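First chain written, first letter: the chains are A, B, C and D, and each begins at residue 1.
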Amino acid sequence: MSEADRTVLSMRDVKKNFGPVAALKNMRLEVRPGRVHTILGENGAGKSTLMKILVGVHPPTEGRMELDGQPYLPQNPTEASQRGLAIVFQELSLCNNLSVAENIMATHEPARYGFINDRKLRQQAAELVANLGLPVNVDAKVGQLSIAQRQLVEIAKGLSHPAKVLILDEPTSSLSDSEAEILFGIIARLKARGTAIIYISHRMEEIMRLSDDITVIRDGEYVTTRAREDTTIEELIALMVGRRMDEIYPPALEPLPGLSTAPVLQVSGLTRAGEFDDVTFDLCPGEIHGFFGLVGSGRSEVMSALFGMREAQGEIRVDGRAVRFRNAADAIKAGIGFVTENRKEEGLVLGAALRTNISAAAIPAFTGRAGFMNFGAERRAALAEVQRLAIRTNSLDTLAGTLSGGNQQKVVLAKWLLTRPRVLILDEPTRGVDVGAKFEIYRIIRQLASEGTAILMVSSELPEVLGLADRVSIMAGGRITATVAGTDLTPERVMAYATGTLK
Amino acid sequence: MTQTPDPITASQGHRLRALMLQYGGILLALVLLCVIFTALNGRFMTVANLTNILQQVAVVAIAAFGMTWVILLGEIDLSIGSIIAVAGMVGALALGFGFVPALLLTLAAGALMGAINGVLTAKLMLPSFIVTVATMGIYRGLVSLPTNGAPAMIADPAWLAIGAGTFLGLPIIIWIVLVLFVFNHILLSRTTFGRRTYLTGGNREAALYSGIKVDRLKIAIFTLSGVMAAVAGILLSSRLYSAQTNAGMSYELDAIAAAVLGGTSLAGGVGTMVGTLIGALIIGVMNNGMNMLSVPYFYQLIVKGLVILIAVWLDVRAKQRRA
Amino acid sequence: MTQTPDPITASQGHRLRALMLQYGGILLALVLLCVIFTALNGRFMTVANLTNILQQVAVVAIAAFGMTWVILLGEIDLSIGSIIAVAGMVGALALGFGFVPALLLTLAAGALMGAINGVLTAKLMLPSFIVTVATMGIYRGLVSLPTNGAPAMIADPAWLAIGAGTFLGLPIIIWIVLVLFVFNHILLSRTTFGRRTYLTGGNREAALYSGIKVDRLKIAIFTLSGVMAAVAGILLSSRLYSAQTNAGMSYELDAIAAAVLGGTSLAGGVGTMVGTLIGALIIGVMNNGMNMLSVPYFYQLIVKGLVILIAVWLDVRAKQRRA
Amino acid sequence: EGIGASLLTQQHPFYIELADAMKAEAEAKGVPLEISIANQDLNKQLADVEDFIVKGVDVIVISPVDSQGAVAAIAKAQAQGIKVITVDIPIANAEVTSHIGTDNYTGGVKAGELMGKVLDGKGKVAIIDYPTVQSVVARIDGFKKGLEAFPDIEIVAQQTGITRAEALAVSQNMLQANPEITGIFGFGDDAALAAAVAAKSAGLQDQVKVIGFDGMEEARNAVDSDPIMVGVIQQYPQEMGKTAVDTAVDVIAGKTVPAEQPIVPGVYVKK
């Protein structure tokens, strides 16, 4: 038996129930050293649950697992890590008030008699980060980092000690292509060293590039495992969603007749020291305006300033009238909606019901007489959004925190669709969303645009930006370096502006 | 994929079951207590005694309603004991202007003290724990100034009737508790104000992004808590025929305990008025029942602690089962 | 983007500045208080009086060290006041077996009571607020049983020397505070135990995922808090020549206030022992200074509240400036 | 059936002795006695009395948490036809069947006179008080009255120290601010004993004289053995408790009892 045929980790007939919810029904998996094994499935199919079972966060309800031919049933993450498994979690599991270095080295700090050697700790973390080629400052407090940088820290943490099996649960969901490239380089090196890698992602191109084996799961059930050479994107999608999909980026729809062409939003000279500088653009009804840039280029900050959550100099006009938003309520009243990028912190109340989350930004719309909530209308509206976005849940009263990552993202989207905004800001709207749902979201974006909603779309996924946007503003270092449209809208040009090689 | 059942009938049909599921543990604790006390003392389960319990629990229950709001926001209000005392004193002194002016002045004083807590917490962004520890001292100091620490007697018959009178055969004080319970319950569970409170307590950042004016809400809720404490202070001073400068001392702990017993999470975002009422009743039944059984004071302390532990444990277990 | 300076020189060079940045606001408050009291009373700034302050603050400071751990974890311990009393009583009664056995028994009792809090919180998954409200009553009831509420006299010279004796010219009680401060400070800032506490308090989920045994940690920390309270109880009983059954009543609030004044966040994950010590000193200086100035009791309450507000406000402002 | 007693506290030796004396006497007379502890909370006292009413006691003995605020509880009991006897602390503005108590004001005067005598009529005096308790206020007023006879004695500080720990800190600080203090009056034994400790730790044991109030065993021993403790005003809880129960028994038997049964405090000085 050659090394590559050896199974390092296997699981058979694994079941996992969360109360009445059957997250996994009959999972099967064989992972081999030096190969990237991708798990593919829709949102809520059970991928993260599978990984959490592997690293001892949840015990399986039933089933057998083996590691190196030995029975394997980790009771907690420590045991899993001692047995040689490492994981980069989908939902960030970092401590905001500690530094990057302290997070990366958490629980295996260089220490003697329990005393931590801080110098060594920072050195080791800095070395690790440098070796990995990650652009993060190890002394920064994690709470001050952007979501993308936190994801890089999470990756560094997962790689901070050697492992036989490395699990990456949607590591690229908030990375832009250039950071993703760094990660792919790392993966290649680990592969060469014989590390087995379990990889989860919803980005099909990436999957086809990286994977050696691909396991498809659907509704918690094992569907099939294919070698990458023996399959195609189309087939995988069909296996995953149970039907054929021809296109991912739906074509633009005819705009409704009588749409005004006057800009609905005009931004000029928007500046906030240290974050962004002289941001100027305008936005017309029905337009999809993309914002592209590398991590930390300041796009999210601009959007939160537009939404009244940050003070900034400069002028914002809505329908030609100058406005000054003191808070998000003002912005919402002016018809702006904002799908934020960090769903856990800014998007959702994890401990509240789905219904409560979906109506959160549209409370005024469900206010009846004397401040009473109109529960019937709220339920009907929430239900409509749940169905439109195919959010996987069995009740509107489910707590948002128990949904899978991608479904949580859809809830945030639903919440803002419900406000019927005239200007919708989307910050990484498809972060962690599966292909089928992505298509659905794109279709909705198109639909909204055709009805006259103006859309500002921040995305780090270049294909997504190119596939949807009419115009793209490219940000680098807090400034808009170019705005391109039409035939200029090519991947090469956009990347060149983003990285600063073209000015 | 989405096996969403019809949401409207779902919520209506399982109403009662949902109630049992939600409060099963804590209700069980309350019922157990009552059964035990009834078995041990025949006079426990009499109308007179149950009325007694409700009257005795009134002050803490009303304060706990206000506290529930504050805790739901993820904040805390330790000053309510002192506000109770100040309210009584303001009432006693203002009764010179007549009953209605005194009532209004007292409620206004409660609102003002609550609003100060709220403004300091929301606008200066100080932790509410430390703000209300500070105002707890300040208000307690203030209450003692007019009489130099002595109590102020109350003779106004209308004021005294609040604590001693009856209406339709039920003590007025119980009516007040019921009305305030219904008011707070509806405000919390049926209005947008309540909804905003849950959202903000659950995730302040997300609430801000959803367009909720968190600062205003916070001030409103601390004000509400102050008003509830003022009502509690009115009842207390009426029951005691006097305003005591050390009235309400450490009632904040009882109020918090009632809320937490009733399932309110100190992290914010989770809790109900029904739970708080049950929590307050548990505390009241326990105090009364042990008095009826002549349990010596120190043993009462111990038993009370044990009962609280068992009640929360029953509740936590019931909730785990459900999940 | 990553302008990482050399990390090692950076940390050494900016040590002092970092200290000022971190504690600037609260240090300023402490210094201001001292300046005001010195200006108003010449006897304030004397060695004798400063020794006085340190002695008076000792009990609360030590309890606050323990409390800081608990709060860092995102929990709370309201039972320490009662543990202080139980510790004194155990000591007084156990002195019959000799000084050393009494000392050990007292510390063991503190550890046991803390561990009970920890186990109930960690293993039964009850909220620590309600657990320690309950044990506050239970321990307070227990302390009164042996003497039926009366104080127990202490005559053992070694035990009394703890509160009254000196060593190298400094009262032993101050030595104890210093040693425990250094111990807790190092344990928190330099060891893996401390780091785990920060991680767990900052993000419990993340800590679990990182393989920290959160339950064990929690029990250990409540135990530590119990031991600290026991030491505080020993000091108090030694200073008072007796174990009082109402000793330490409401000291938990002072301890929490000291920690929060010192910048410890009740949400967990943020705080230091240095801050807590400064917080405790502010409380001590304030009490002493106002006594020296013969400020009447009620005004003291008010002034104390105001000073706490101003101190936290200065601190919050300083931190905002920095950010 | 029987007597219900609602006492102010159970964490003070005076009240412990009072309760013990009541229990002993009730046993001797064969009458049921139940004791509730109000723990210094007037609202709890009211609840305790309400519970007594429901239980159907014949007589209530009460040591009011507050001499004015307890009116509510007493009125409630009397409205049900239950007779009320107060011990230790009298009730203002209400008629009770009988009051048995120390004359705190007179005790305070005696303390003032003693202080004047031990200081030879001159010096500086500090007071530790508890301003929200009326019996203590009476003691302090009496003490000041007693000192009026000594114009060369000046009261230089008056601070609040409720528990022994607080009293210790307060006396340390007063001595620090006024090192020329020669006399300290503590409103109770705890305050006085703490003041003595503070004087010693400040090295002023030869200068300061301390007088207390209550006169429980610990304080009396201190007066005997500790030169700083020059005297203590002594109350008689046993006598008070016994009288209270005897009075209650008489009331149940339908006898008339005196409305006032004052127990004059003694002055305990070194043997």
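The working rule: a contact is a pair of C-beta atoms (placed from the backbone, for glycine too) under 8 Å apart; a residue touches a chain by one contact, two chains touch by 3 or more.
Quick caveat, the model's predicted, so the values are computed rather than measured.
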Between A-B and B-D, the pair joined by more C-beta contacts: A-B
Rounded Å distance, chain B centre to chain D centre (Cα mean): 35
For chain A paired with chain D, centre-to-centre distance based on mean C-alpha positions, whole Å: 71
Gap in Å, rounded to a whole number, between the CA centres of chain B and chain A: 43
Rounded Å distance between chain B and chain C, as computed from the means of their C-alpha atoms: 30
For chain C, residues that touch 2 or more chains besides their own: 144, 148-149, 297-298, 300
Of all residues in chain D, the ones touching two or more other chains: 10, 131
Pairs of chains, among all present, that meet the touch criterion: A-B, A-C, B-C, B-D, C-D
Footprint of chain B on chain C - complex, ascending: 78, 120, 124-127, 129-131, 133-138, 140-142, 144-145, 148-149, 250, 253, 256-257, 260-261, 265-266, 297-306, 308-309, 312-313, 316, 320
Residues of chain D touching chain C in the complex: 10-13, 15-16, 129, 131, 157-160, 163-165, 168-170, 172-174, 176-177, 179, 190, 193-194, 197, 200-202, 218
Complex interface listing, chain A residues touching chain C: 55, 57, 76-78, 80-81, 87, 89, 93-98, 102, 106-107, 109, 111, 114-116, 118-119, 122-123, 126, 135-139, 296
Sites on chain A touched by chain B in the complex: 19, 219, 307, 309, 327-329, 331-333, 338, 340, 345-352, 355-356, 360-361, 363-364, 366-367, 370-373, 375-376, 379-380, 382-383, 386-387, 390-397, 415
Residue ranges of chain C in contact with chain D within the complex: 41, 43, 46, 48-49, 52, 55-56, 59, 144, 148-151, 153, 164, 236, 239-242, 244-249, 287-288, 291-294, 296-298, 300
